[in-house]
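Below you'll find the structures, each written out as structure tokens.
Across the two complexes that follow, chain A remains constant while its partner is chain B and subsequently chain C.
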Partner chain A sequence: MSTGAVGRAHPRLEGREKVTGTARYAVEYPVDGVTYGWAVPAAVVRGRITRVDAAPALALPGVLAVLHHGNAPRLAPGPDRGLWLLQEPAVHYRGQFVAVVVATSLEAAREAARLVRIDYDAGPHSTVLAADHPGLYRPDQVNPSYPTDTAEGDFDAGYAAAPVRMDATYRTPAYHNSPMEPHATTAQWRDGRLLVHDSNQGAAPVQATLAELFELPREAVRVVAEHVGGGFGSKGYAKAAVVLAALAARQVDRPVRLALTRQQLFGPIGYRTPTIQRVRLAADADGRLTAICHDSITQTSTIREFAEQVAVYTRSMYAAPHRRTTHRLVRLDVPTPFWMRAPGECPGAYALESAMDELATAVGIDPVELRIRNDAAVDPDLGQPFSSRNLVACLREGAERFGWADRDPTPRARRDGRWLVGTGVAGSSYPARARAAAASATARSDGGFLVRIDATDIGTGARTALWQVAADALGVPPERVEIRIGDSDLPPAGVAGGSMGTASWSWAVIGACEALRVKLRQVPGGAPADGEVTAEVSTADEVRDQPERPRYAYGAQFAEVRVDVDTGEVRVNRMLGVFAAGRVVNPTTARSQLIGGMTMGISMALHEEGVLDERYGDWVNHDLATYHITGCADVERIEAHWIDEQDGDLNPAGVKGIGEIGIVGTAAAITSAVCHATGVRVRDLPVRLDKLIALSPLA
Partner chain B sequence: MQGGPEQETTTDERHSSRVAFEVNDARRELTLDNRTTLLDTLRERLGLIGAKKGCDHGQCGSCTVLLDGRRVKSCLILAVTLDGRSVVTVEGLAGPDELSPLQAAFVAHDAFQCGYCTPGQICSARGMLDEVARGWPSAVTGDLTAPAELTDAEIRERMAGNLCRCAAYPHIVAAVRETATTR
Partner chain C sequence: MRPFRYHRPADVAEAVAVLAAEPEAAYLAGGTNLVDLMKLGVQRPDLLVDVTRLPLDAVEELPDGGLRIGATVRNSDLAAHPAVRRDYPVLARALLDAASGQLRNLATTGGNLLQRTRCVYFQDTGKACNKREPGTGCAARHGQNRDLAVLDWSDLCVATHPSDLAVALAALDAVVEVHEPDGPRDVPLAALHRSPGEHPERETTLERGTLITAVRLPALPAARHSTYRKVRDRASFAFAVGSVAAVLDLDGDVVRDVRLAYGAVAHRPWRAYRAEEELRGRPFSPELAARAADAELAEARPLRHNGFKLPLTRAITVRTLTELAEGARS
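Entry: the complex of A and B
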């Protein structure tokens, strides 16, 4: 008895709060007697702290404490040594937080942080990823739990025997998630219980980590994340700010607000690892792939292994009888890389989709047609049919909408005044997964309903989408439904990440609403006369029992760029994406997600680059003036569309997730368009002016 | 908590000053640590959390407010310099019952996602529209002698100082355009 809420465009429920400045983020809650924490980063790359002199800092008016490894409250060693903060004199990377100042004003905390004197014994370091680094090794698995290497057929023989071969190495630099709200926390201890208002993508995982570190029962920790100013993976689980704030609040026995500075976000909270990717493709004269190999090299830290699943994208994207993928990793004296929007798929698709474009040129076949020709009927990796696979439909509809037909593939053939113009295309895919969640639904005597789930809305529109889903599941107009999320006191649910939020959470919400309807059938009149009726469910069993099979969202991104013949400046005239992502719950917020992902892809292709200086073992660009992200003036025309896709083998709401697929493939579409415009293939992102000018005089 | 109680302050009294200025049409008199920015004054002393701290270095625009009618980055302004001046924050834009046209357009066009840069975008757009009304050109203005025309390219350029990592840019442009053409 759907009321048709799902599928209808609806503005965000919290829109009014966000445009009036009343939506509260992590360090914006009124707290009596609040104090301010300021983190102090290590000034060496690798070494040991030999002495901490806090006296000059403590001498400042308003300074309450300086925490460091010598005096901070003790933490239990958790699974992530990067969170075992202020516990040991060892420094594992430059920027590691080694002290925290607490003061009664921000001004005093900031100045005191500068006055903390720390002496180090520093050792030699290695911070540059290289394909021939002696420390390269084969991890046991890659994020989150994929096999490290795969092989089918005989790649070497298949490659050697093919009439057309393509062998190229692609490089991507370190990328920084850079959410607009920094990692920030307000921490308060009361009677041995810890309350944190924290900027994260999942209160439950943060709660679990804090409980482990502070050796508390989970019930003694409450994590609230009602509004979160973006995360893009970097707030996917507990990070330094929340641990430091909790330590500081315990030490001074007062509430502490601690926000990392913008500069402190470049490293310690995670980043996308730089990648070195060799892709080899072999095809017959008709462009049918016979052999595919994708070898990935990435970095991790010395304190925790994070192995980005860069080549996993290639395992299921295009068909070929002979296939191989490998991942190699090296431990460097760097902060631990972590999730950033579409970890694995995003850099991996840049390489594979670029290689497909290069192959298209080599065999003289249109790049859209080449992809259609190599579409996979069954998952090449698992050998099973896909739950649904509409890559070809996305390519065809995208080509139609974009005006791809009759494209002259000749490079540098189109010129518009001082601009060379080119177009490019890429495919994209992203796994459609779900994880267990719990939710409750309550009927009130006034005819209203309350749905509760510890989901997190980091800007995705999850709050609104779940509200729509709940209304349909209850069979009532959405106005009668209230939704509450973002608090570990609510029924537990997983992280807002991996494009699984809506799939996982709506599953539990629908279950709770249906269970409530069953309960209400026993109630005279179908509604409680007074008091309320509640049903709570967990999807743990259903999710666990769901048969494994390949489930993916697909997309096709098209780009048109213009390149200044004198300066090499690249502008994106227009971008268009068509996606097949199951059911779209709220077209308003879905479009924003997809456009946002594609724009971050523009940013990856043209603007973002963590520039490492080996002498200092750190990136030199530590702020938004020097680490460039795409701005308003960079986005001229951008469109996202989706095809009508019904997939009954996903989850009750039939959704695939849309948070990440927008970025997958986009950078390849842009670099291929740049190549079409200029004849220059940029294989190491970003496309910078000097790469175009240096390689080929354009004019 | 607009107009809420002032937070306790413990600063270096040797380096504090008494300052009086208007915030959203209300007179405020404060003793401030001389190091305090306008942004931190709003957020930590006056409970006006609309202005956001994204970078604290004038690089992201999240803290944009209007100072004597002009858009400024409040993280770059020391509050002690504001004696006698007038500040309007995002909290001061809406009427008691209804949103300002710009705010309503931001909601209608989904011109934000996480919402963190949004108050700054809205204040910046407010200030920008007044700049256009005064005939100020931008870097993309072709004819400097003609009346400023608010094309999409002009809006994009004039809003380029406000970063949005969620990348609601096309929707921000649409919201600003709608507001400009209907006001």
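Entry: the complex of A and C
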């Protein structure tokens, strides 16, 4: 019996605590005897530490210890050498943490960190991605486990024979996640057990990593992440801060707080790899695609392979008889790239959807219509039908709401005073997947219920959504339900990432609630007279046994931009997205996720760029004053809508996930709108005014 | 960060005396720039002398029609002042185009003029910078220099001055009232900031310990027809990649008087005297404005990544003056 909680708009349960400052984040828990850690980054790109002189730092009042490879507690080598911190003299990239200072005050730790003298033996380095880099190679697979290359038909022949062809190369720079709350940890050792309050996207994976590194049974590690101030993928697994804090706490035998600085978030925590993407499309005179090729070049580090699945988007998006995708990678002396909102799909869609816009111009067909004509009846990659595919519905509804029908495709045809005005569109898709999770549901004698699951709310509203799902599954008003998340002591559940959170967690929550209801049927009166009744379930078998088939969320992004004809300044008048993402649990937080993703896509298109100085081998604009992200003033109207989509082949809640679809395609819609406004196609992001300055005879 | 002491002086004379006696002391006003730089280790004072409680927070209309602005008047208050909005719109617009509402509530008039460059190499103690550490070299000269100078730079430093306010004040011929160890003195704003030359670590002509007490604006009726145009990479909370402060006084079609200053092009706010000379006494036209900008930028030497600043500065010169001229005619 549903109580109608799912589908109803509800503010975040913890909203009041957050805005009044009482919600506690990782380094805000009061802890007796706490000390402060400060991470010291390497000052060379590649080389070896030859000497560490900690004496000047240790001489400062309040300084307790300086940890480095020569004295730090030993770690077991795990799968990620990037976490094997303070274990070896080797430096693999500039900014790698090579020491930690611990002091009784934050200020003393910071000052002492400056005083740690480290000598290096530095070698030559390579930090710039290039299409002709001699180190390019073909990885065995791309993330998470896709084939590196795919081919069907004969692309070369199909391309050569087509009457309409489009060949363009698109470049995207490094993007940095830089969440509001940095990677931060309070670590405490008690009787051989490790307790960390940590800012992450999943307590369980962090617990597993710490157990492995410190050679502890998993139960000896507890990870609490009750509130998390964003991550955008960068907190998807354990990162340096938690490892350094745990090492330091062990060394000084006191609790340690360690938070990275804003500057330290530009590199060591991961970032979206720069990409060089060549897309070739061929079509017949009616715009039906006959050949598609997407070649991606990205970078990884020398310590771990991270192969972003950039061209995977292209495998399933549009149909054509001749198709090819490839991925090449180069190992550079840089930090390892990592997940950033829609890894793979986001940069890949920018290239493919831009190419579709260019093809639409080449073939003289409206870009909405071109996409509709090339919709895929079955997944071109797997040859199977989709669980549901509502791309066309999104395009049609978006076109209707946006007012696309009267669009004159002529570039530079619309003006508003000194502004050139243009519109653009892009398609969007993101896989709808789920991971195994466990959850428990407890009935109390007071008529209340407690639902427990180690889910993580990184600001998305996940806590509230699961609470709504639980109420419906229990068939009780939500006020009678309490939800507890963000703690590795709770039934284990996977990371908040890959737009899988709500799908995976609600599956387990519904299972636990239903199991509890079955149990309660055996209880006289249907409720415990005293004590509690608990049911715990895991979805491991169900998730494993779910037949493989293509399951995707879809979207259509529409943008109207204006460009100052004299200066090249770009502003977004309006952005509108329509999405097909299964069932929407909470319209309030869903809208926030979607417009947040779209805003991040605008940011990618117009503002964000990690600017690397190859001599130093790091990004020089490593703060939010110089690494610009889109602000409210940059987009005057932004709307997210969704179509009513029922897909019975997903998971019990029928959700597809909405954390990532909003960013996919946005940058292509924006750059296509800029092209429509100005006649200038910018193929290397971001589209900044210096790339558009020559529009006016004044300049 | 380095431990520091904190002192709140009773009056201006005491503040200046303390600074004179303490070689590593610094004045603290809004703190919006200094505190950040202290955390980064770029500035390491051992004593902060807090001047925000000194009686320097008044805006005073002068009998000759000018305005005296106390050094600790907050940017928000100054931007909202009726006399500023009425008589010097260029100043109000420059202020409101700067930073964010929160920062403007803290930042002061004097502090704004003395803010340090936003050159990323200056702000990173891991990179070479002659301004931060004389003799270490200029990493920006052949590095990432899109945001940096096109005029008047030296091989030792290519930094720009980040202030919007200072650009407007340069156009208005403002006078900076300072208190030196020897007593008060007037410094024309145009003579306040230095070119980088051989000593980029010296940013102003003020002696160490000098306190700015006020900024005086001369009466300038033409400034009622003035504006500030700032170009930046996003719509809010970003430093200028180009800006122009302009006052235009037309007699019919003829330029009777004009004041023009540029931001984001040099180590100091750039008063465009050559452009003014081209314009003055001639019938205004957009073509004339373009020629004037070209005259001003003739000696520009763009760096590897900032050549776009020349057409950009030219474009906003023409556009801003043309709009002022159209406004005057209507």
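One rule holds for everything that comes next: the second predicted complex is superposed on the first by the 693 of 699 C-alpha atoms of A that agree within 3 Å, B and C clash if a C-alpha of one lies under 4 Å from a C-alpha of the other, contacts with A are read in each partner's own complex, and residues count from 1 in each chain.
Basically, a contact is a pair of C-beta atoms (placed from the backbone, for glycine too) under 8 Å apart; a residue touches a chain by one contact, two chains touch by 3 or more.
No experiment lies behind these values; they were computed from the predicted model shown.
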*Should A:A43 be classified as contacting the first partner (chain B), the second (chain C), both, or neither?*
second
*Who wins on chain A residues touched, chain B or chain C?*
B
*Pick one for A:V228: touches chain B only (first), chain C only (second), both, or neither.*
first
*Could you tell me if A:A259 is touching chain B, chain C, both of them or neither one (first, second, both, neither)?*
first
_One more residue to check, A:D566. First (chain B), second (chain C), both or neither?_
second
*Given the touch rule stated above, what does A:R415 touch, chain B (first), chain C (second), both, or neither?*
neither
*In the superposed arrangement, does A:L689 touch chain B (first), chain C (second), both or neither?*
second
_Which of chain B and chain C A:E107 touches, first, second, both or neither_ = both
*asked:* From the superposed pair, tell me which chain A residues show up as contacts to chain B and also as contacts to chain C.
replied: 107, 110-111, 623, 625, 630-634
*asked:* If we count contacts the way the header does, which residues on chain A are in touch with chain B in the complex?
replied: 11-12, 14-25, 28, 30, 33-34, 60-62, 104-108, 110-111, 178-182, 227-230, 232, 259, 261-262, 458-461, 588-589, 591-593, 595-596, 599-600, 603, 623-625, 629-638
*What does chain A use to touch chain C in their complex?*
41, 43, 107, 110-111, 114, 263, 418, 566-569, 571, 606-607, 611, 613, 615-616, 620-623, 625-626, 628, 630-634, 688-690, 693-694, 696, 698-699
*Touching residues (chain side chain B, partner chain A) in the complex*: 1, 4, 7-13, 33, 35-36, 40, 43-44, 47-57, 59-60, 62, 89-91, 93-94, 99, 103-104, 106-108, 110, 112-119, 122, 153, 155-157, 159-173
*Show which residues of chain C lie in contact with chain A when the two form their complex.*
1-3, 39-41, 118, 120-121, 123-127, 139, 143-144, 146, 231-239, 241-242, 286, 290, 308, 311-312, 314-316, 318-319
